[in-house]
Every structure is written in structure tokens, then in C-alpha cells.
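Next up: some structures, all given as C-alpha cells.
In what comes next, subunit A is part of two complexes: it sits with subunit B in the first one and with subunit C in the second one.
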Partner chain A sequence: MMQKLSENILDKFSMDFLRSQVLKNAYGNNDTVIAARDPRVLLAWYLFFGLVPWFVQDMTFLLGCFVLVMITTLLARVAGLVLLLFGVGVFSQTGYLLLVTWLFGGDASAIMPLLILTLKVATISLASVTVFSGLDPDRLANGLMWYGCPERLSFSISYAYRILPMLMEEFQNVLLSYRLRGNPPAHDTFAGKVRYLAYQVKIIMYAFYPLMLNTAKRSRTTVEALEIRGYRYAATNKEVRRIKLAGLRLTWDDGIFAALSLLWVAATLLLGTLV
Partner chain B sequence: MGIIEIRDLCYTYPGAAQPTLNHVNLTVEQGDFLAIVGNNGCGKSTLCKVLNGLIPHFITGQFSGEVTVSGQNTLESDVGTLARKVGYVYQDFENQIVRPTVLDDASYACLNYGMTDYLDQGRRALAQCGLQGREEEYVWQLSGGQTHLLALAGAVALGPDILILDEPIAQLDPGHADRIYGVLRELNETYGKTILVIEHHTEYIADFCKHVLLLKDGQVSWMLPARQALARVEELQSCNIFPPQVTQAAHALRERGLLPAGTELPTTVEEGKAAFAPLARKTALPHPAAMPRDHGPEAAALQGVTVSYRSVKGEPRVVFDKLDLSLYKGEKIALIGSNGAGKSTLMKLLVGLLRPKEGTVALNGTPLRDTKPEQLSRLISLVYQNPEEMFIKDSIEGDIAYAMQVRGVENWPEKTQALLERFRLTELAQRDGRLLSGGQMRRASLAIGVALNPGILLLDEPTANLDIATRREILRTLNEMKEITETVLIATHDMQLVCEWAQRIIVLCGGKVVADGTRDEIFGNTELAARVGIRPPEIFAMGRALDEKALCYTVPEFLSQFEGADA
Partner chain C sequence: MNQTQNKTMNQSQKLMVFVLTMSLYGLATLFTELIPKFQVGIVEFSVEYFLFIPLVLAMLFDPLSAALGAATGELVFSEIMLGQFGGLGEAEKFITVTLGVYLAGRLVRDPRNTRMVGIAAILGTGAQLLMGTIVDICKVQFAVEDFEAVAGLPESVFATEGFAFLNDLLFSGILFCLLPTLYLVPKLYGKIEPLLGMSPRTPETAAPALSAKTLAGCAVAFVCAVAAELLATSGLELIDWEASWAESGTAVAVGMIAAAVLALAVLMVMKKKAEAK
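And now, the complex of A and B:
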């Protein structure tokens, strides 16, 4: 039973799965409420929820923010893998401290600060998850460009998403070469399992070498094609920037989104002073 | 004055000892459809990069002479200006696509050059290339042929007068290849574009191109109307270019005096009908041996296999639904079908990379589920379509040795040497596989594939992206390998390979086995061929056009059937 389960998990957690999750995360949810927002509004929104919680100690306010970003994360229909990473991340940052303190009989004076810290980290992470995986990369790039980020950065973001699936497929094939031709240590005993794990890690590291060379070979064409297609030309041309940003438009819904968030924050602040 | 004028062009790559282009003179008229042919490394791609200004503006080197494109001297111009006059589609076109959605990519260049109506330009280009209705799709949802059309649309969007394509159909099945050339003809005839293609498939040159340019050692040998050019059989063959099979057959018959000495050689099946009309087919022919029906024990079996891929949105895509298939020991099998029919998926299933959602895959009677992939490697081996992904060491010697070395196979150094010898790689043993030529890379990947002496060898498109001469070489290697490998399965679009090599042919279509048999059973069935979009070699069509009962797959077979006398 246990073996079946572990096999099943490994099965699910294949390169193929990662690839589909990355794509899903980037482009699979472009019809959600969050994805439809103007990227400039979302970035400003993120600036608030990504920064302010650090400087506030008020429990009610933090809880309020946490609930709000949780709702937006749900609205953005973020891919499961990202949420899992979020969970692991928060736990490994501060969550384990909270758990340990509580288990070993720490009292409220010890638990409260840790709880607040965990809440802060969770709120900020969820706000990032909402913005960076709820928006499709191109809209995000355009939003960043509007705020004055260099064209190169915004191009890199959208190009990374274009090339990532290709890289992962290639990596998968290189790994398969190792798997088919390699000879891993037997892993029936515990020591064998450790050796097997070490072997796997080693193979993953080795696999980067062919991956890099293959990518370098591919990019020769990409570099020339970018040159022909006017990439360098656009990077220095103000007019192109204007055309690109012309696609950004504020709608009433953006206003409602901002107003609702504001209202929510105000309400939690009010509640905080009442309690 | 022509749309392209080249006067005394010499070009040497940085660091190269010999010039790649050596005193080239060339005039191309507006509205031409020109095929550029020549040996590997004769400077075809270099010549094309000179036309769009990448040379000398982006790739430096020694450049002399004068190149004028649409009245513009390339030396006095820049890449941006020239890009609007000359569109370029690379051989590895998928690396040319940089944006995630179809419309985005098609309009990308227009946006970069600051055209305010860039989206309309993109839409118009997509319509011209037959991709209308796919504007919002993501690029990874497209098939190989559609991706190529998108790369073409990206070039067309800027409204260039000249389009250059480097081996446009090397990776495509005949259906998609026809579509590409159909689009090119439309662009040429309706929109008046001048089109240059680097092309090895002389059948397509005969059908679509107006002129042929032969390059030899960086020099222009000649430029002639397509029909005259293809009739120069001996000269072309000396440059490793193989004229259409119909032309080869006619040439051989003329040599033997069976066709009058002065006849113009036919280049297409239509022309062949008239030229070969006086010939009669020998009636009493020894019937070719049919496939032995008593086959060996089962080597691999799929039972009720269902596979689907996750998709980014919506329902998973089902590739196979309850597929049953058995492969027997000692068989030489070709797996054919159009792009996306499930050929690669079937191979991934057999090596255990993919697990079926339902059903079982078994090798030698043992279900794959109970075998670890590492233990599989002695039973089965897969040679990828893309040989680069098989090179995991920094020399091909290391790559061939790897699997034997880590398993501590006895005498592995000697066995490695023997394999290098067998695949004619001894000289290249220390080179990195990625830096070899296409044919050498392919041979190296075959050597890696057979290193552990697997019972079953799977080859995914072993002749894709190779010119005809290299394809012949690989075919020869495959024939030599018959004695050292027991069961071989090749997935391919290359029907000449299928006809000359395979004993059993499996046709996949829409995830189902629609036909399974000998070449006579598969290609003799006209209705089947039309339905699944497979096309027998041209000489086969020629034979049948002359005599419905003639089944000849190679030029020598055709000759022996229609020659009358000695075979």
C-alpha cells in the first residue's frame, strides 16, 4: 500500500506534470476576475499588500488582510503546485517555529509574535501569488513597463514563459537518456535508498550540462530571428513603447476592485480600533 | 534589373580559412520561384543570410562584392530596413517563434518596427498563410506544419517582396508539406512575392518551382528553368542531389536506348505518362515474396491501452483509446501516419516513459509495470528524433561507452571501439556529438542506441532533417544493422525508407491502427492511402499510372518491370 502510494506520488510529480502546471499557471486561467484586472491596478494593489503588513503589528488588520488575499488567490484559480509550494514555503520560514513553540508548551507571550510573523509572511506570499500567477505574463510585463521597468525585463518575462516548456521537455528527454542508459544503485535497503537518492540528485546535476549546450545551440537561431524581427530596434524606440502600452485600459471593474479592497482594509482597521 | 542582383560576392566566415561564397554572380527576377540546391556546406544558407543583411551586419567576416535587394544595396542598408524587403524562415523554425500566442507572434515584428496597425498586419499575414481562425491559440497547441506556417506568417507580416525558406518541409509529413507549398504558390502567384527555397526534395521542385540554382563549392554552377535543371541527372547526382525518381528512371532508360536519345526527360508523374507510354510492362513477373505469416514469439504487446495528455485548459486530449498491438521477434516494422497520429506516444509507452491510463504494455510477456526503467535498457532502446538529447557526455566515445561502463559490461572499451568502427565514427570519437553534421549525429545516436544490444530497437524519425544523400547513408546503416538487432520499429514519414527497409508496416491514424501488413497491402490500397494521407514514393505512383497492377517501390524495380528485356 505504502509503496503504491509513493509510486503514485512520483508518477504524478513527473516533468510532464511540472510542465503542464507551469503552463496552467501562466496561461490556463486568463478568464478569472483577477486576470481581467488592469495590471497597473494589480501592481499598485500588490505594492500595498506586499509592503504594509511588514510594518503593522495589529492582529485584526493582519487577519483581515490575510482573509482578503486568500479570497483573491481563490479568485485567481492558482495552480495546485504553486499553492503547495506556498504551504511548504510558509511552514519552512516560520510555521515550524510556531508549531514547535506550541507543542513544547510555550505560552501566549511566545506564540503571539510567531503567529503574527507567520500571518505576515503568509499574507505577503499570497498577495504575490495572486498577482504573479493570476495575471498572464504578457499583461504583467506590460504593467511593469508602464511603471518604467526596462523593456528588456518585460521581454524576458514573457520570453521565459515561451521557452520554459521547451526547456522542460528537453530536460525531461536528457534525464530519460540517463534513466535508460544509467545503472542506479539498488534501493531495497535503507542505505540503498539513501544512495539511490544521492544518485538521482547527481544525475539531475549532470543533466544540466547537455541541457545548457543544447539550449545554446537553439538560441543561435533565436538571436538572429530576434534581430530580423526588430527586437533591438524596438528596445530604443519610444513610439513602440507607446503602442504596446496603448492596450492597457482602466475599466469600472478595476475601480470596483480597488474600492472593495480599500473598503475591506478600512473595515478591518475600524474593527481593530473597536476591539 | 532583377529584384536580387549579386555582383562578384565573396564572403569568408570569421576565423575560416576558405571563403564560403566565392565570386558569386546572380540575378533573380521579380516574381520568380527559385529552388537553391547544392551539397551540404556549399554555402546555400550563407547566401540566403547575405540577402537579408544578417551578413555582414550581424555576422561579421570578410565581405566583398555588391548585393542589391529591391534596389537597395545591403551594405548601405541595415537589418531592420532589409527585414521589410526580405522575409526569412529558418530550418529550425520553432526557435524563431518568440511569443506565446499565434496573433502575437505573427504581429511581433510589425509592433517592433512601430506600425500602429500591427494587429491587422498580423491578421492579414495569418490569413495569407492559411492560419485564420487560430489567432488566439497558444503556439504549443500547433502541429509542426502549423508552426511552420506561423513562422512564415511572421515573415510575411512585414510585407516583404522576397521570402526565403530554408528547407521548409524537412520535418513534415506529405500532407503538411503540400499545404506549405500550396501557401507558397499562392503567395507567389496571387501576391507577387519572389520566393527562394533551399530544397532537397526534387519532387517538390518539379511541381512548384520555376527555376533551379545549383551552388557548388561556394560558386554558382548554373541557374536554369526547373525542368531543364532536373534533367541534368548526372551533374546533380555528382553533387548528391537526386532528381525526381521519374526523371532518374527515364534517364536510365534513355541510357539503355529504350527511350530515344533526344527526348526531354519527364520530371513529374503527369509528364512521365506521356514519356513512358511506348513501354510495355513485363507480364510474367516473379511475385515478390509475401511477408511470412508465421511469426516468432511476441516481443512486445499492448493490450487495451488508453493514453491521454493533460491539456492547459479543458479536457485532456485522448491519444489512444483501447489500443491493441503486438510486435513479434525478428520483425522490421515501420510505423507511419501523419503528424500527431500517436507514433511518438507509442514509442514512449514501449520504453515506459509514459504509463497508460488503462491497459497493459508488456515486453517478452512481462508487464512493464513490474520492470524498472533502468532494467529495461537491455530489452529495449529508443533513439530520439532529436539526436542532441542523447548526448550526455562530452565526446561520442564517452556517450557510446556510458551504458556499458556503468554496468561494468565485460570488455566495454573494446566493444566501444568496435561500435565506433562499425558506424564509421572512429575519427570523430573525441568530438562532442552536438557539433557533428546531421548524418554523423544520426549515426552516433544509432551507435548509442545499440550499445547494450537490446532485443527491441525503436527509432523515431531517423531520417528527418537530412538531405537525400545522408538519408541514403542512414538507410545503408540501417540495412547493415539488420543483422545485429533483432526487432526494430521505425516511426517515419520517409516512404522511400519504408519501402526499401520495412517488412511490416503499421499505419496509425487518429490513435487507431487502421492498417497493418506488407508494403503491397498498404500502398496497393489506394483508398487507404488517400484516407490517412500517406503517399507512396513517386516511382510507385508512376508505375501504377502506367499499369494498375504494377507495384514497384524503387527505381531499379521500376526498370526491371518496364524494361522489357534483362532485369
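And now, the complex of A and C:
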């Protein structure tokens, strides 16, 4: 039973699963309500829900914000892996601290501030999950560029989503070839298991040697292709920037989205003052 | 061939180093985000990061491009792609990674000198970890209200952070930064440079040794990192602002709701009209 379970979990976390999750996250949910929003509106929205919760101590307001970003996350239909990471991340940031506080003789009084801290962290993380996972990478990059982020960053985002599946595949191939040729130590005893783990880690380190050489070749090709298209000149040219951003259009739905969020926040504020 | 192998790097070669470091380190941080941490009692053994990748590349190529590429890669691959972007707080990680890698890259003048490579690798990692620890302690101190009042919290924060620093430096630092760097730098030296069309780094072509000016610049950048992090977590003035504004809160909130409803109604009507056309 136990073996089956661990096998099942290991199965889930294979390289292919990872790759498909990342791709699904990037391009798989283009038809959601969130993905259809204008990236500029969403980024401004994120700026509010990513910053304001840090500065507010009011429980009602924080809860209200949390519920709102939870709804938007559900609307964005984010990939399961991202949500799992979010859960683990929130726990490891504050839950761990709570355990240690108890260990050092803290009592129930430690819970309240930590609960507020957890709520803040969760709200901010979910807001970022909504915006950065819900949006198409190219639209996200364009939105960031509109706000004057360096061209390098928006290039990096578009490039990263494109190159990651290829890199993963290559890394997997290198690892497999090492495994084919290698002779791993027997792992029946405990000492053998430790040796086996060390061997695996060593293989991963070694695998980066061919990977580095291959990626060096690939990045030279990429950069030369970019140079041929006049990338470095285009990055600083105003006309190019205007053409690139011409695809962004504000629609009425964007306004409705913003107004609804504002209504929600105002309602929680009202509730906060009444309670 | 000689013409393409210039002594100093040109702009597009710097871009190549940037792209190379970004994609490799991004891939590695994506894994570390997913590899489970296992705990033995209070001791946490985590594969904190594969910092050896940018370290190796910073020692072989232009340190600044490699450092910026590493920080951008981490930001894009493991934060934005996985939806873990933490807003202003990410500035701290960005700057500390950049500084750690840059310092290590500048320290090495001749990559064939193994001892220097080792010292630089462990110093760069240590600097990055130490900066992270300082920022973390400040962060918790400012983020939790009545920090001193919560019994047991101050000690636990110092203990966990200090312990995490030592653990990271001795475990991740040696296993995942020092040893791979010592293995990869001599192996890649002279092999990877021609792939980007340049000649290997020698003491003559290396950037001049670290000057006081560079170190001062790094210190200023670190202060900026701390400031960004604290701004992201404390925001004292904003709390004051919020308090004075909450006194007449009900009226303001009602007004805001009215405005929002009005805006919503207008937008709905406009949309209907636009669709009718």
C-alpha cells in the first residue's frame, strides 16, 4: 500500500508532468475571464492587492481581500501544481515559524499576529498567482513593457516560456544517457540508500556540464538571430515600441472588472467600520 | 577565427552570457522549487539552490551579465512562471543574488587557479546568504506587530535565521556551490568560450581587481535591497494615513460603494450600447 502510494506520487512528479503543467499554465487557459482582461488593468489591480494588504492590520479588510483574490484565482483556472506550491509556500513561511515559536515557549498569544501575517502572505501570493499565471506570457510581457519595465525583462519572460520545455527535455535526455552508461550502487541497505542518493545528486551535477555547452551554443544562435532582426536597436526605438503595444485595447469588460473589484473593497471597508 | 575572438566582450556577447545564465539558472531554480525539503528534527536539509551555475559562468565570462542573468532567470522562471511573485519583496532576492554572483566573478582573475575559484565560490555564496539572513530578520521584526510582546518570537526568529544561515552555508554552500564549481570551472575553461566566439579569460584580459568604489557600490545596492524589503513589509506612514482616514470610515466607505455602483452601472450601459451598434 505504502509502496504503491509513493510510486504514485513519484509518477506524478516526473519530468513530463512538470513540463505539461508549466505549458498548461502558460498557454492552456487563454479562454478564462482573467486571461481576456487587458494586462495593464490586471497589473494595476495586482499593484493594489499585492501591496495594500501589507500595510493594513484590519482583519475584516484582509479577509475580504483574501476571498476576492481566491475567487479570481478560481476564475483564472490555474494549474494544480501552482496551487500546491502556493499551499506549501504559505505553510513553510509562517506555519514553520509558529511551530518554532511554540518550541521556545510561546503560547496562544503568538497565534493572532501570525494568523494575520499568514492571511497577508496568502492574499498577496494569490493575487500574483491570478495575474502571472492567468495571463498569457506574451500579453504579460507587453503589459509590463507598457509600464516602462526594461525591455530585457519582457524579453526574458517571453523567451523563458518558450525555452523551458526544450531545456527540460534536453536535461532529461542528458540524465537518461548518464543513467544508461552509469552503474549505480546497490540500494538495499540503509548505507546503500545514502550512497545511491549521493550518486543521483552527483549525476545531476555532472549533467550540467554537457547542458552548459549545449545551451551556450543555443544562446549564441538565439542572440545572433535577434541581432539579425535588429533587436538591440529595436529595444530602444520608440516607433517599434508603439507598434508592439498597439495590440493592447481597453474594453468595457475591463472597466467592469475594475469597478467590481472596487465595489468589493469598498464593501469590505464598510463592513470593517461597522463591525 | 582571430577576428571574432576579441579580447574584450562586445554587446551581443554580453547578451549571450545573459541569455545563457538566465535559462540555465532558471531551470535549476525551477527544480529547487519542486524538490521536497526533508527535515531531521529541527535541522532542515534543503537543496537551497544551484548557485554554482551562475558562479561558474561569472568566473568564465562577464561577471555583471552573468549576475544579472541569474537574478532575472530566478525571477522569471521560479517566481513569475510558478505564480510565486512576491511584489516589491522580490527586489531583495534580485539584488542579493546579483551582488553575490558579481563579487565572486570579479574575484577570480585566472580561472585556472583552483584555490582562488574555491575561495570566490564560497565567499560569493556566503555573502548572498548573509545578506538574505539580515533582511529576513529585519522583515519579521517589522512585519509582526508588537514584536517584543509575543512571547518566544524574537528568540525563535534569531535562532531559526542564524541556524538556517549556517545550515545553508555548510550544507548547500559546500555541496551545491563549492564542489560543483571546482569541478566545472577547470573542465569548461577553454571549451565553452569558443562556443560564444571569445577567448578564455586570463589575468591580462580579466577585469581589474575589485576597487573600493565597486565595493561601495555593492554596499549601496544592499541598502537599497533592505529598504525595498522593509518598505514592502512595514510601511509605517501608510498605517498612519490609514488610521486617520478610517475615523470617518463609514461615510467614506459608503461614498466609495456608491461611486463603484455608479461606475459599474455606467459601464454596463455603455457596453450594451457598444454591442447594440
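FYI, the second predicted complex is superposed on the first by the 256 of 275 C-alpha atoms of A that agree within 3 Å, B and C clash if a C-alpha of one lies under 4 Å from a C-alpha of the other, contacts with A are read in each partner's own complex, and residues count from 1 in each chain.
We adopt the following convention: contacts are C-beta pairs under 8 Å (C-beta built on N, C-alpha and C of every residue); 3 or more make two chains touch, one makes a residue touch a chain.
The structure presented is a predicted model; accordingly, all values stated were derived computationally and were not measured.
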Touching partner for A:A191 - first (subunit B), second (subunit C), both, neither: neither
Which superposed partner A:V33 touches (first subunit B, second subunit C, both, neither): neither
Which superposed partner A:R162 touches (first subunit B, second subunit C, both, neither): first
Partner with the higher number of touched subunit A residues, subunit C or subunit B: C
Touching partner for A:C149 - first (subunit B), second (subunit C), both, neither: neither
Contacts of A:G230 with subunit B and subunit C, given as first, second, both or neither: first
Which of subunit B and subunit C A:S219 touches, first, second, both or neither: both
Partner chain(s) touched by A:G182 [first = subunit B, second = subunit C, both, neither]: first
Interface residues of subunit A shared between complexes with subunit B and subunit C: 26, 159, 161, 206, 209, 213, 217, 219, 222, 224, 226-227
Residue ranges of subunit A touching subunit C (in the complex, touch as defined): 13, 18, 22, 25-26, 50-51, 54-58, 78, 81-82, 85-86, 89, 92, 96-97, 100-107, 109-110, 113-114, 116-117, 124-125, 128-133, 140, 152-153, 156-157, 159-161, 163-164, 167-168, 171, 201, 205-206, 208-209, 211-213, 215-217, 219-220, 222-224, 226-227, 232, 252-253, 255-256, 259-260, 262-263, 265-267, 269-270, 272-274
Partner subunit A, residues of subunit B touching it in the complex: 52, 54, 58, 79-80, 83, 88, 90, 92, 94-100, 104, 108-109, 111-114, 116, 118, 138-140, 154, 310-313, 351, 353, 355, 373-374, 376-377, 381-382, 384, 386, 388-392, 394, 402-403, 406-407, 432, 434, 448, 451-452
Subunit A to subunit B touching residues, read off their complex: 11, 16-17, 20, 23-24, 26-28, 137-138, 158-159, 161-162, 165-166, 170, 173-174, 176-184, 206-207, 209-210, 213-214, 217-219, 221-222, 224-231, 233-234, 237, 239-240, 243-244
List of subunit C residues in touch with subunit A within their complex: 11-12, 15-16, 18-20, 22-24, 26-28, 30, 33-34, 37, 42, 50, 52-53, 56-57, 72-73, 76-77, 80-88, 140, 143-146, 149-153, 155-157, 159-160, 175, 179-180, 183-184, 187-188, 191-192, 195-197, 232-233, 235, 238-239, 242, 246, 249-250, 252-254, 256-257, 259-261, 263-264, 267-268, 270-271, 274
